[in-house]
Each structure stands twice: as structure tokens, then as C-alpha cells.
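Two complexes are shown next, each including chain A; its partner changes from chain B in the first to chain C in the second.
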Partner chain A sequence: MPTDVRLENVTKSYGPQTVLGNLNLDVREGELVALLGASGCGKTTALRIIAGFLTPEEGRVLIGGQDYTYKTPNQRNTSMVFQSYALFPHMSVRENVAFGLKMHKVEKSQIKPMVDEILSAVRLEELGERYPRQLSGGQQQRVALARALVMRPDVLLLDEPLSNLDAKLRHEMRVEIRLLQERYGLTTIFVTHDQEEALTMSDRIMVMNKGVICQSGTPKEVFERPRSRFVADFTAVRNFMRGDFLEDKFVTRSGTEIRAGDSSRAPGTSCLGIRPGKIALNPPDSDAYANVFRGTVKIATFLGDKVEVLAVLPSGEEFILEVPTMAWDESRYEKGKEIVFGWKSEDMLYLTEEDASK
Partner chain B sequence: MGQHGRKRSYQDGLPVAPLLVPAALVTSLMFLAPILVFFRFSFYQYVPGKFMEPAWTLENYLEFFTDPYYFHILVRTLRIAFWATLLTLILAFPVASYMARTKGKLKSFFVIALVFPMMLGSVIRGMGWIGLLSEAGLVNKFLLQTGLIQQSLKLIYTENSVIFAIVSIELPLMILTLETVLESIHPDLELAARNLGASAARTFFKVKLPLAVPGILAGTSLIFVQSMNTYSTARMVGGPTIQMMATSIYTEITELSNWPGGAAMAFILLAITLVITYLYSHVLEKKYIQTMHLS
Partner chain C sequence: MNKQRIQRVLSRIPVVLVMIYILLPVVLVVWMSFFSSKMIIFPPKGYSIEWYLNLFSKRNFVSAAQLSVQVAVIATIISVTIGTLTSIGLNQRRFRGRELVQTSFLAPLTIPTIVTGIAIYATLTTIGQWVNQKLVPSMFVLIMGHVIITIPWAIRLINSGMSGIDRRLEEAALNLGANRVQAYLLVVLPQIKSSIMAAGIFTFIVSFNNLEMSLMLVGPGQSMLPIETLNYVLWNMDPTIAAISTLQVVMVLLLLLIVNKLVGLSNVF
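On to the complex of A and B.
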């Protein structure tokens, strides 16, 4: 039965290297949480601690309120979908899916209907007798899911489950995984380094860096209000202006003055951020656009429906803009020409340089 | 760019064929020819005192199977080879398992430690066993001096000593053969089995062992064949009492001058070895490897 999962002050190190330093994590029943972070941030280690493949040096693992810290993997009802899928090559699809049920000594007469049901849920009913190596990547992925789901786990653990698929399949599987997760009401922890995956699939995102969670919240919260430069960087903010408040202005290291209110607006801010798509070309002359600059085009890259423009101010400060292709007049804005751009104050992000929760 | 040019010439197939000629010549002259000559000898007539006479007779083969003395040697050879192979497998598996999950310097250390004894010939190692196990050898000396035993133990020139000697010689080869296959088993597979509720023991028997079958097959058939054909180890550690096929072929030819008899035995040994390994790998291969679809 789906249940809640908590990690309390979990510490794990490999030799002298600390991978998880005092990690706290709380996943509610039926919730899909994405652990988002770069490789080496400890997200997979956290997942493996929940599955019981690793034992933390300190802290506790609570599943459904019970302490599972020192239980072996086979004493826990957590189901993991591995990045490598880890399908047993010497077993057919059916045998792979039935493996866990057999290990839990489910009656033979019950195994067949359970396997049938889950295979049809992942649309593999035709392929039950095939062997893993006879399947495509997407089909293998779905076998791995079926094998995990058939256990009706307390917690479903997904370790970068989409990273071995091509882009098109990845999009399909995102939806499919989400639908299955909702259908079975599974508590799910999903490890990924892809912000788009995390944003589109999860109820909550926890951004991890250096073994701790530096921000958590709904995808919308994390995307719209990243607190630190690290989180902003991970959620596709590309313009960062480092500097300090000076009276009622923010002055960047290059000396550019930005109207951002004074330091009481967001204490601790050492960096401002703005998404490329939030910078407008030739902004209207209104109070909403408090910051408007005049710069020159350094390079413009055609990206299909939009053009990515690198613009530079006389001070040397550089900005990346995304301009809809329709609004981009090549002859007028060619390399070296002057452009005017600006952004609304409400779109500006106030960021700390370091992760706050450290 | 130079690589590109070479690649093309490989595809043309021009310079490769001539390079195969020396090896083909050596193989046919030094390997095939003696075998054929010996095969012919095995049908000659053995005339005591007169070396041998050209003939076409099956006498030499019949004698082997009708004389209990020879048949006993064959059974012993099979028995020694069987136990030596089984013991080698059991001892090698845990080491290979561990080694398969090591990396870097530790792995290099293992490989060197395993390859090093292979550089010493089996004669040298056989001599070592004599020094260790003979009546006046180190083991007996130690046990006598510490008072643990009153009389020297018979540790050498027994069937068991031959088995242990073979095991010690073949162990590195078995470990290396198993290790290659065990290394190719993705570590996630064992974790997945544990995750799905399998105990450590069931993970071993349901996942690891079946996946290791190709390595077990390769290793055991290789070592079985080598054990069947053991000569120097049987000679030194088995002594005159523990005759195996290879040693008695040698005796037959050099001491009794019975070339046709020795030749017939050699072909019986060859045939039995071939038949056993063929059946063994075919039966098991059908049962496991084909259904596993390992690529």
C-alpha cells in the first residue's frame, strides 16, 4: 500500500567523501517527488538508501512511520526502476514481471491474472513470451515499470528512468509514467538531472546540491521563484548579474546599475537573474519596464520559432535574449547593430550565491 | 588517416591470406601429421621384441577395453578429472565473484597474482608438491616435530594428492574464465532481485548462477579436458601407483615399446575427451544458453 516516506538527518559518505550531509526529505502518500540535481549530488545515493542497498552512517529511514533504516532490501516493499532497467536476461517478460510475486510466495493461481493485468496496463500483453534483448528500449522500460508496479509497492523509486530513451519516446513515457502513478496512487520518488522532466512530471521538486536539498516546492514555485543561483541555473535561467545593493540600486560587478529596489526587498541577494524569454526587445515605454538597456548584437542564433541573441552593453555586461522569430528583423539587427531591450521588475529573480538551507 | 588506408586493405582481403600460410604450414606439419601417423600406428600389430608390424587390426583397441588393468586406469582418470574440475569450480567461484567487482589497482593485483603461477611450468610446481608432501617433506616434518603425529602420513602418491595438485594448477585459469563472465553481469541485476524480495541466497541461485552458466561451462570443460590429459602432475604427485591415461600411454610406448597399444590408448583418450565435452556443452547449452539469449 502506498505510504509516506521520510529521511531524517541522513548522512552517507564513501571514504573521506561525504555524499549526503544531514539530508531531510519528506514525501507524502501518493505524491510524486522529483529529486533534481547534477550527477554526483547524492540523489541516487538517497534513492539507494530508501531501497536498502546502502545503509546510512547516521539518521533514519521511515516508511509509513516505521523505522526501516537497517532492514535488508528484501524486507522492504519498495520497487525500483533502474536506469539500466536491470531486466533479467535469462527470463521472459512474463517471468521478469512474475519474479517479485514468486519471491513473495504469492499463490501460483494468483500470479497469472496479476501479471496479465499489469502487462495490459503498460500495453505489453502481446510480448509476454519475449526475452528482454528482443525488445526495444521503450518496451524494456515498460517491462521494468510493470515489474515494479505489479508489487503494489509502498514506494516506487525511479532512477533516471528516461535517460536511455530517445527524445520522442521520453516525452511519451513521461505522460505514461505519470498516468500509471496516478492510477495506482503510488508514492513515487523520481531521480533526474533533467529540469524539464522534473517540472512536467512531479507534484513537488526537491533540488539537490552537494548532498543537501537546497530548495523544494511545487514545480511552479521552484521555476518562478528559485532562491539561489544554483537552483536558477538548474531551471534554465541564463542571465545572472552578480553584484550588491548600493542605496536604492543594484550595482553589478561591471558597474551596470539595475533598478531592483533596495536591499530590504530581498536580504542576502548577491545576484539577480532573468530568463532569456522574459527579456523584451524594444519594450514599451511604461513604468512596468523599469530596466531598459541599449546594447549591441554580438551574435544571433536561429532556433526555429525563436532567435537567441547575445547582446552586450557598453559596460561589458552580457545578456541572452530569446526573441520570437516573427519579431526579429535580420537586416535591422545584424551583428554589431544597436538594440534596445528590457524586462519587467516582476520577472527579475533575487538570488543568493550560496544555498540557503546549508 | 593511415588507419583508414589499412582498413580498406583489410576489406580487400589481399594481404591477409599470405600471412596465414606459415601458421597453416606449422599446424599441418607439427600437429596434424603426427596425429595421422599415430592414428595409423594404432592399427599396427604389436609383436613383442620386434617393435611393430604394419597391419590393419583392431586388436589394440579391443585389448584396452577387455583388459581390466587398462579399463581401471580409464575409470580412475575420469574420476580424478571429475573431482578436480568440481573442486576447482567451487573454489574459484567466490574468488571470481569478488574479483569481478573490483577495479583499478586491486584488479591488476589479482590478475598478476593469478597469471604469475601460470608462468611456472607444471613440472616445477609438481616438484614443489614433492618437497612439501613426501614422506620427508615439509608438512610431515612439521607435524612430526610438533608431535601432532607419530608416523609420517601418506600425503603423496595418492589419488587425492593428484586431485589437489591439479586443482592448484588449474585454479587460476578457472578464476580468470569465470571472472570474465561474472564481470559482464550488470550489478543492478542482483540489486533488482533483492529489491523484488529475493534473499541473498535466492538472488544467487535465481539470477547470478544462471547468468554465470556460460562461464561455468567454458571453465569446467576446459579444465576437465586438461585434467583428463594430465601427465607431469600425475607422474610426479601420483607416482608409479596412480597411473592415469597419459602416464600409462607413455609407459606403454617407452618402457614396453608397444607403440600400437600406446597409439590406440591415445586415440581412446582423445575420443572420450571429445565425446564428453561435446555432450556436456551441447546438452547444457541447449538447456541454458539458448533460452537465455545472451548476446
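On to the complex of A and C.
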């Protein structure tokens, strides 16, 4: 049955290299948590520790309040969906799904209905007799899910489950996984390097960097209020202005003055951030737009429904703007022409340069 | 005439030549085994199956073949078992000196078999004198001698199959509640079934055809097929030898057919 998972001060290193340094993680019952981070940040290691494939050097793994740190994988009721799916090639879809039940000595008469039910939940009733190599990537992914779900695990672990699918299928599977997770109320930990996946699927996001969690919160919190430059960078903020508060202004390294209040506003800030989509072209003359700049167009790239503009200020400071294609007049804003842009104070992000938790 | 077609035809010539080079001896041997004359001469004067009958009428050939099969089967079972376990060990995790260990398993191949045979014989004779026991010749030492020369093949073939499989399969089995033994028996071994088959066939043939090791270790009054063949050609020039060879070819073909039925040949080599 679904239950909560905790990692307490977990440390893991491979030789001299520390992969997880004192990791703490708390997943509530029935919650879908995304571990978001670049490759090598330790997110997969954390998952493998929960599954029992790795033993931490220090710290504890608690599943449903019980200490599982030194239990072997087959003593835990955690189900893992692997990035490569790891379907058993010599077994049919049915045999793959029934494998775990057989290992747990479920009565033969009960296995069939359980397999039938889960296969219909992942819409594979028709393909039970096929072998993995006869299935498409999306179908293999569903078999892997069915094989994990049929165990009614305490915790469902997903290791980059969508990375082997093409873009269209990935969108479909996101929704499908989320629906199945809600249907069975599964406590789920989901590892990904894709911010969009993390934002769209999870109840909570934990952004990992260098073996620690640098920020966690709901997708909205993390997206709207990233605390560090690293997290902001990971959630598609592209304009960063490094500098310091000077009395009531923020002065960037190139000398651009930005109205950002004084340092009491956000202590420790050493960098400001603004999303390209939050910069307005020709902003209205109002108090809301405290920062308005005059620059020149360096390059404009057409992206379909929007145009990405690289603008440069006389000081050399560069900004990336996203302008709706409709608002973009090509003849007026060709390369080298003047451009006026600005943003609302409330959209500005106050960031620390390094991860606060370190 | 287009250039591409000429190129295609030309590029096939080496392939055909190599095929002829490989297959011609086999075809000739089979052909010669049916020559009727007492000396092998071209062109044949007529055909008969006299030499096959001659073969089966000679008790020493029959008993030598029996011993050869017996030794080859046991040596195959032992080396394939050890080979499988070794491959599991080698692929369990990357450890320091793994490459060295892996390569050292091939060491027996680098020493001429006759030298290994003499070494085993001489050493065990001396030790036997110390402990006042006759250690050689014995069936046990004969088989173990064969295992020494067959085991590198078994390890090499099974290990290459083993290193090609996804380690995650084993983890998936453990994750679904299998213990380590179940994970190997139910998930990992089925993936290398064809490698094990290939190793089995290869090992059997290597053992069955071995002359040098057998020559040193076989007991008095016993003989094995390669030894008997050698003895026969020293004194006779009739096609009996071709008949023996033909039977060996047929035996190997049968083995391959059986394996093909079981796992599919294209998966084996």
C-alpha cells in the first residue's frame, strides 16, 4: 500500500567522488515528487538507494516509517520503471507483468485477473501474447508501467521514463502516468532532467545539484520563485544580471542600474533574473514598469508564434526577449535599430549565485 | 554495361574463392570415402561403402569413438558450467584487474597442448611416486586435461554473450521480488542461452578432435578416435580414414541441426 518515504542524511560516494552529500528527502503518501537535475547531480543514485540497489555509507532510508536502509531490493515493495524499460525479452507481455506476482507467490488463480486488470488500465489488453521486441517504444513503456503497477507498490520509482520516447508520445505518456498515479494513489518519485516534465507532472519538485536538494516546492513555487541562479537557469530563466545593491539600486557588473529596491528586499541576492517572456516591448508608461531600457537589436530569430530578440544596451549588457509574432514589425526592428523594452518589478527574480543549502 | 554491376560481380569473387577454399577439403573427403580402390587414387575406379563397413567391423575404432564421445561430453558439461559461473562472476561488478583475470583465462591457449600434456603427465607421475599412488593415467586426469583446453573457449564465448546483456534486467527481477538465484535462473541465463549452446558445441568439437592431450593421458589398452586415426594412417592408405572423417562431419552437422531446432543457429554464432 502507498506510504511515505524519507531519506535522512544520506551520503553516497563512488571512490573519492561524493555523489550524495547529506541528502534529506521527504515524500508524503500518495504524492508525486519529481527529482529534477542535470545528469550527474545524484538524482538516479537517490532513486537506486530507495530501490535498494545501492546502500548509502551514512544515513537512513525510511519507507512507511520503517528502516529499510540495509534491506535487499526483493525485501522492499518498491517498483521501479527503468529508463531502458528492462523488459524481459524472452517473456511475453503477460509473463513480464505476472513475473513479480509469481515471485511473491501469489495464487495462480489470482494472477490472471490481476494481470488482466492492469493490462486494461494501460490499454494493452490486445497485446498480452506479444514479445517486447514486437512492441513500439510507447507500448514497451506501458508494459514497464504495468509490470510495476501490478505489484501495488509502497513506492513507485520512475527513472527518466519518458526520455526514450518521441515528443508527441512523451506528451501523451505524461498525462497517462499522472492519471494512473492518481487512480492508484501511488507514492511516486520521478527522476528527470526535463523541467517541463517536472512542472507538468508533479505535486512537488525537488531541484537537485551536486548531490543536495537546492530547492523544493510546488511546481508553481519553484517556477515563479526560484531562489538560486541554478534553479532559475533550470526553469528556463535566461536573463541574468550579476551585481550588487548600492543604496536603493542594483548595479550590474557592466554598470547598468536596475531599480530593485535595496538589499533588505532579498538579502543575499547577487543576481537578478527575468524570463524572456516577461520582458515587454514598448512597455506602457506606468509605475508598474520601473525598469525600462533603450537598446539595439542584435539579432531576431523567428520561432513560429513568437520572435526571440537579442537586444544589447549601450553598456554592453544583453537581454533576451520573447515577443509575440503579431507584435513584431520586422521592418521597424531590423538589426541595429533601436528598441525599447522593460519589465514589471514583480516579475523580477532575486537570486543567490550559489545554492543556499550549501 | 553498367559499372555498378561489374563492381558487384567482382566484389563477390573473393567470397566465392574463400568458400571454395574452406569447403573443398570437406567435399573431397566425403567423396573419397566412397572410392572402391585400396589406395586413394584419382580418378576413382569405382564406388563402394566397403570402408564404412570396415570401420564398424574394427573393434578398436568403435571403442575409441565411444571413449572420445564420453570424454568430450563430460569435458563439455564441466567447462560450460565453469564458464557460465565465471562469466557471472566477471560481469557481477567492475573490479580492479578484471581485464587481467579475463585475459588469464585464455592462457591455456597460448601453450602448445602437447607441452601441457607432457607437463601434466610428468608432474602427476612424480607426485604419484611420492604419495605412492598411481595418478596417471586415469579417466579423471584425462577428462580434466581436456577441460583445460576447452575451458578458454567456453569462458570466451559465454562471457561475450553475458557482457552484451542489459544489467538492468537483473535489477528489474530483483526489484520485482526475485532473489539473486531466481534473477539469474529466470532472467539472466535465458538471455545467454544461445551463447551457452555455442560454447557447448565448440567445446565438444575441440575435445573430440584433440590428439595431443589424449596421446599423453590416455590409459594403456585404451584409445581415442584421433589417436586411432593417427595409428591407422601410419600403416594404411585406404579410404577408411576418409570414412571416419565423413562420419565426424555428419556428427557435427547433426549437432548444429539440433541446436538450430532448439535456439536458432543465427543466434548462436
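Everything below uses one rule, namely that the second predicted complex is superposed on the first by the 358 of 358 C-alpha atoms of A that agree within 3 Å, B and C clash if a C-alpha of one lies under 4 Å from a C-alpha of the other, contacts with A are read in each partner's own complex, and residues count from 1 in each chain.
Criterion: a contact is a pair of C-beta atoms (placed from the backbone, for glycine too) under 8 Å apart; a residue touches a chain by one contact, two chains touch by 3 or more.
Since we're looking at a predicted model, the values are computed, not measured.
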Simultaneous placement of chain C and chain B on chain A, clash or fit: clash
Partner chain in contact with A:89 - chain B first, chain C second, else both or neither: both
Touched partner set for A:70, first chain B, second chain C, both or neither: neither
Partner chain in contact with A:99 - chain B first, chain C second, else both or neither: both
First, second, both or neither for A:133, with chain B first and chain C second: first
Touching partner for A:51 - first (chain B), second (chain C), both, neither: both
On chain A, the residue positions that both chain B and chain C contact, one per complex: 51-53, 72-74, 78-80, 82, 84, 86-90, 99-100, 103-104, 147, 151
Partner chain B, residues of chain A touching it in the complex: 51-53, 72-74, 78-80, 82-84, 86-90, 99-100, 103-104, 131-134, 147, 151
Chain B residues within the chain A interface of the complex: 186, 188-189, 191-199, 202, 206-207, 210-211, 288, 291-295
Contact footprint of chain C on chain A as seen in their complex: 51-53, 72-74, 78-80, 82, 84, 86-90, 99-100, 103-104, 147, 151
Residue ranges of chain C touching chain A (in the complex, touch as defined): 166, 168-169, 171-179, 182, 186-187, 190-191
